[in-house]
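Have a look at the structure below, then the notes.
Lettered A, B, C, D, E and F in written order, each chain numbered from 1.
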Amino acid sequence: MRILILTPILVRGDTGRPPEMPLAPDVELSYRALDRGSASIESYYDEYVGAMDMVEKALEAGKEGFDAIVIDCFMNPMMEGLRELLDIPVVGAGEAALHVASMLGDNFSIIDPDPPHRTYSHRVAAAAGLLHKLRSVRYLNLGVAGVLGDFETVLGRMVEEAVKAVEEDGAHVVVFGCTGMRPFAEKLAKKMEDYGVPVVEPITAAVNVAEALVRLRLRHSKVSYPKPTEKKRVF
Amino acid sequence: MRILILTPILVRGDTGRPPEMPLAPDVELSYRALDRGSASIESYYDEYVGAMDMVEKALEAGKEGFDAIVIDCFMNPMMEGLRELLDIPVVGAGEAALHVASMLGDNFSIIDPDPPHRTYSHRVAAAAGLLHKLRSVRYLNLGVAGVLGDFETVLGRMVEEAVKAVEEDGAHVVVFGCTGMRPFAEKLAKKMEDYGVPVVEPITAAVNVAEALVRLRLRHSKVSYPKPTEKKRVF
Amino acid sequence: MRILILTPILVRGDTGRPPEMPLAPDVELSYRALDRGSASIESYYDEYVGAMDMVEKALEAGKEGFDAIVIDCFMNPMMEGLRELLDIPVVGAGEAALHVASMLGDNFSIIDPDPPHRTYSHRVAAAAGLLHKLRSVRYLNLGVAGVLGDFETVLGRMVEEAVKAVEEDGAHVVVFGCTGMRPFAEKLAKKMEDYGVPVVEPITAAVNVAEALVRLRLRHSKVSYPKPTEKKRVF
Amino acid sequence: MRILILTPILVRGDTGRPPEMPLAPDVELSYRALDRGSASIESYYDEYVGAMDMVEKALEAGKEGFDAIVIDCFMNPMMEGLRELLDIPVVGAGEAALHVASMLGDNFSIIDPDPPHRTYSHRVAAAAGLLHKLRSVRYLNLGVAGVLGDFETVLGRMVEEAVKAVEEDGAHVVVFGCTGMRPFAEKLAKKMEDYGVPVVEPITAAVNVAEALVRLRLRHSKVSYPKPTEKKRVF
Amino acid sequence: MRILILTPILVRGDTGRPPEMPLAPDVELSYRALDRGSASIESYYDEYVGAMDMVEKALEAGKEGFDAIVIDCFMNPMMEGLRELLDIPVVGAGEAALHVASMLGDNFSIIDPDPPHRTYSHRVAAAAGLLHKLRSVRYLNLGVAGVLGDFETVLGRMVEEAVKAVEEDGAHVVVFGCTGMRPFAEKLAKKMEDYGVPVVEPITAAVNVAEALVRLRLRHSKVSYPKPTEKKRVF
Amino acid sequence: MRILILTPILVRGDTGRPPEMPLAPDVELSYRALDRGSASIESYYDEYVGAMDMVEKALEAGKEGFDAIVIDCFMNPMMEGLRELLDIPVVGAGEAALHVASMLGDNFSIIDPDPPHRTYSHRVAAAAGLLHKLRSVRYLNLGVAGVLGDFETVLGRMVEEAVKAVEEDGAHVVVFGCTGMRPFAEKLAKKMEDYGVPVVEPITAAVNVAEALVRLRLRHSKVSYPKPTEKKRVF
């Protein structure tokens, strides 16, 4: 089974190699980034810039015989369009993470890299139909780039907000609100064990969901995502 | 006051001139279509194709001193991104229509040009936070292009579905689910008067909402739609 | 176009003249108060006292050829009954304000003149079908009369609560929960610009919504608001 | 314990005597109608006409030492204002009926005397916070007066719609949407036993809820229903 | 009328006698506990242990001619199964308390004996379809056993959390989240009178609801709770 | 990785062997049924009968080193209690199926073996927090035993109801509402391909979700499912 992680941005520190993660023995993981797009996704505009290259790379992946595509961004950019165009499962990291979190406890809180009171995380939860499970959003106030700063400092901030989510907001599960936070997953999960609170990392969650869909021979509903019809399009 | 109707597609029968509609005496209406994009919006993919040209034309309009932009599509494509980038109100035809409909009665039904059971209309209502007011979607099963077919035949289909929405589904208000249906608005409204049921046409509703926002000196919240930060972007 | 602002109370400081506000050149604004009713609306009982005079004055306005009526109270008193009785749009200040706010951002908070924890504001949001957009209610704890106290003191309290709504509760838009707060609108709006947060003042919002409905030739659904039948009534 | 059934209309066939119903041995039931008001409640306007007489009669009842007041109308007219003004429980027939129905099964349908597609019943369910339990509204299309027509014919219509509610809509419980339907309660309940479906009659449900509240020494929250303050009021 | 309070646990301090409470003169109250089960209900596992003995005692009560059964636990354990098996009303203390609370004010908060952030109370509110009325859960952090500790200390904790529910969370009604808290009901109710906030005690609420259902000759819907069919069962 | 399918009933035709399904190469599947319990789960009572044996077998499995337990019933019986008692993931077939279905399309319908209008399926969707995605329940009216009748006849009924779910109700995804329907999964899936509608079979979905949770090293939140405390319990 071949799964492609497609990142909707230009580069990432670990470009070229998929992130390390536990995998079924028969799963082969690939990783590709965009040539045309934004350096990070922090706005709808950032998404538009990379939309057409994302489509192109996804169509290529479909032709190369990949079994599933995972979108490497909590915001699930272009997820709907790729599902329309392709005949293989297209799994968004944010959507998958929130469904996994929903199966682990009564509610979840999201650790969000943004400045306070942004509602990107709320929108992802609402789009997944899981807003009622969102206990709180805890803001790191670092920005996506800031997450790549000093490891211990950033980890400290994450622990601080995750503990507040549990102790002040009553979170039962914690979800990372950005796939760029992956390097901190094991450390934070270890820390939150003291509270009995699992930590869901979106990109590993999404790869495992993609594997499950492939194994179950399931594809997205073509009533929800009908194939675009032929028509005049100027590029 | 100058309002621009920006259509997210390549052409429309009445290109170059804004649709006829009642306007406040001090409102000047302009109309522009895309040079690069799809011939119609019937999928997410259709939206992506025109996204960057839409952005370009909206930014130009901002520089030219337009007071507001109206997006000429029930699906509100690129509405969020334009709100991020601009400092003037950006009004989506679908969003405005559903809020107007919500102020006219207890619920509404949408007349949708699509084949049965598509959920584009549901998604527009959900995105506007008004899904609980959606009584039903009635499908014309014509497609956006089909709506441009024989006038009397198409009008007949609209009347048929609107009456079913009222009599079978219990709709209190009827909303057009496509701005391409505008030529039928007066005729259908006249017909539905017998039922005491108002008909909301999205593009005229949106222009009037835009006028109201300009007059009230209101702009979209920058917490909901923060200005995109400078970063590396490859086009 | 002639719009009547009908206030459901006995008097207001500026009786006789409609509040100053930007208007389309062809809109003529009138203003009338009750002869029989309560000095302010702070309870359901206050509404009942003025109900029949409100009906009488609205019916008169209909006969005089007004194009729309705006109810000058956030609580929308008698809105449903006037819609039943009249054939012109009847716009409630609270309902209109919340729909306008909903089109400006992801959520809103209401600045309420009441003592803490009253739920009048929640009920207005619920009746409009927009409770899910209500982020918080911030209480001035002044009462409707208290709002007419020392301007700078009252303004200070409003700024304080509006800033808390934004910084502590995460509000994206701020709405005045009483039309008596109108004199503070420009000042508060100016202040909240620093936060990128628009301020919606209900009576100006409602007048502009009324203008839009008249221009769009829309009236309220007679399925939602059927004309009362003839029957024995003792007054 | 003395409970007053207060009817918000001018007369009813059985005026002067409370309806027959099973009662605890220590409950004494009284019944009063309005001197000024409408002959029936079929619109908001009908409610306004009787509002002030309703208040007057309720205040009298409070002074006479009644332990609770039951509002004899499914629409719960003036329920909120009476709760503000009085220190004894004020129980609305519609609200009580829907809570009782909610404790008997997973959902309920309402048999409504109105023409099809009116939403009075939906509004009562929504105001009670129980709209999600409303499976359907089944319309008799008789009007409140029509319910007083030929007994067997009306009963036939009720049975017909109740059976459709169960067989076509999947109702688990049936609720009468008008206290004027009380004479049919036993007959319909008997009939619906074949389906295992209980029938809730609002006025008897409300009297029993009122008894329970009195026995439990519970009164309505004064935070929800604060006592109206002294102020200028012109009658 | 004979009502049985059936407690789903092994013993309680006042075993053998039903709790003192105001009752209609014709109501005879009995009380029984389990022989096989858990000492208290603080987990789903605790419920399973007593499930079969609960069923046995309920079936016996049905044969003995009891008119209704009240389940003496806020969690409503085995409520669904007993409703399937019996032909008399089976009232859960938690479900009844939340419906009574819903009729007294706009929202309620639950005082829960558990450690912070448990969601048992949320689940009871959700199962009753009343989660939207739940303003907050306030945790005593004592456990069910801790509630039986020093009276004044425990009462002090309850007052503290109830006042916080009202002043900080905006609760309009307070509900006990455990039937073991009954001895504190009068004292707390007295205290909360200063705030105009009623206090609902679940077991007395449930007995009065049961009385009402019996008097109204209502039973649970057999569509919601069909009689279990004969089949192979190994005990 | 060792996963145990634990069936909450006495026997199943294929007892002793887990159902055939695609599996990751490193997953070893086991299957166990109850010695004490009911022959099928069609009521809450049926669940209680097997509860303690289910607990016992699950605790044994935990001691034997299984990595996860899958509950082989759409109703998810005893899922909460097993999660309290064990330190490995416990996946309910119904919960897992509905989350998988939610990731495949905008809504789903459930094919339910029960007689019409039962609400077991609704309750499973509600408990999973996914009721808003449930488009309809389609009843086979066969009962769990009836599903084991003549293969072609039963398949015919399934196809009939699945097609109605798609064509009449607008379902985008179809879910089996009973794990006993597994033998029909491939055939129905094949048939529904013509409609572009995926079919989710609960037990295979649950096994794959369990695999994902184990691989991700995730366990259920101990705040949602705290370990039962030691206390007196009589068995």
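Here, a residue touches a chain if its C-beta (ideal position, glycine included) is under 8 Å from a C-beta of that chain, and two chains touch if they have at least 3 such contacts.
Note that the structure is a prediction, hence the values are computed from the model and not measured.
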If a chain touches chain B and chain D alike, it appears here: C, F
Steps needed, at fewest, to go from chain C to chain F via touching chains: 2
Between A-F and A-B, the pair with more C-beta contacts: A-F
CA centroid of chain B to CA centroid of chain C, Å: 27
CA centroid of chain D to CA centroid of chain F, Å: 43
Mean-CA-position distance for chain F and chain E (Å): 30
Chain E residues counted as touching two or more neighbouring chains: 106, 117, 119, 166, 170, 172, 223-224, 226
Chain-level touch network, classified as line, ring, star, complete or other: other
Pairs of chains satisfying the touch condition: A-B, A-C, A-E, A-F, B-C, B-D, B-F, C-D, C-E, D-E, D-F, E-F
Residue ranges of chain C in contact with chain B within the complex: 22-27, 91, 95-96, 99-100, 102-106, 128-130, 132-133, 166, 170-173, 189, 195-198, 200-201, 204-205, 208-209, 211-213, 215-226
For the chain B and chain D complex, residues of the former touching the latter: 106-107, 166-167, 170, 172
Contact set on chain E toward chain F in their complex: 10, 34-40, 42-49, 51-52, 55, 78, 80-81, 84-85, 117-119, 126, 143, 223-224, 226, 228-229, 231-235
Residue ranges of chain E touching chain A (in the complex, touch as defined): 116-117, 119, 122-123
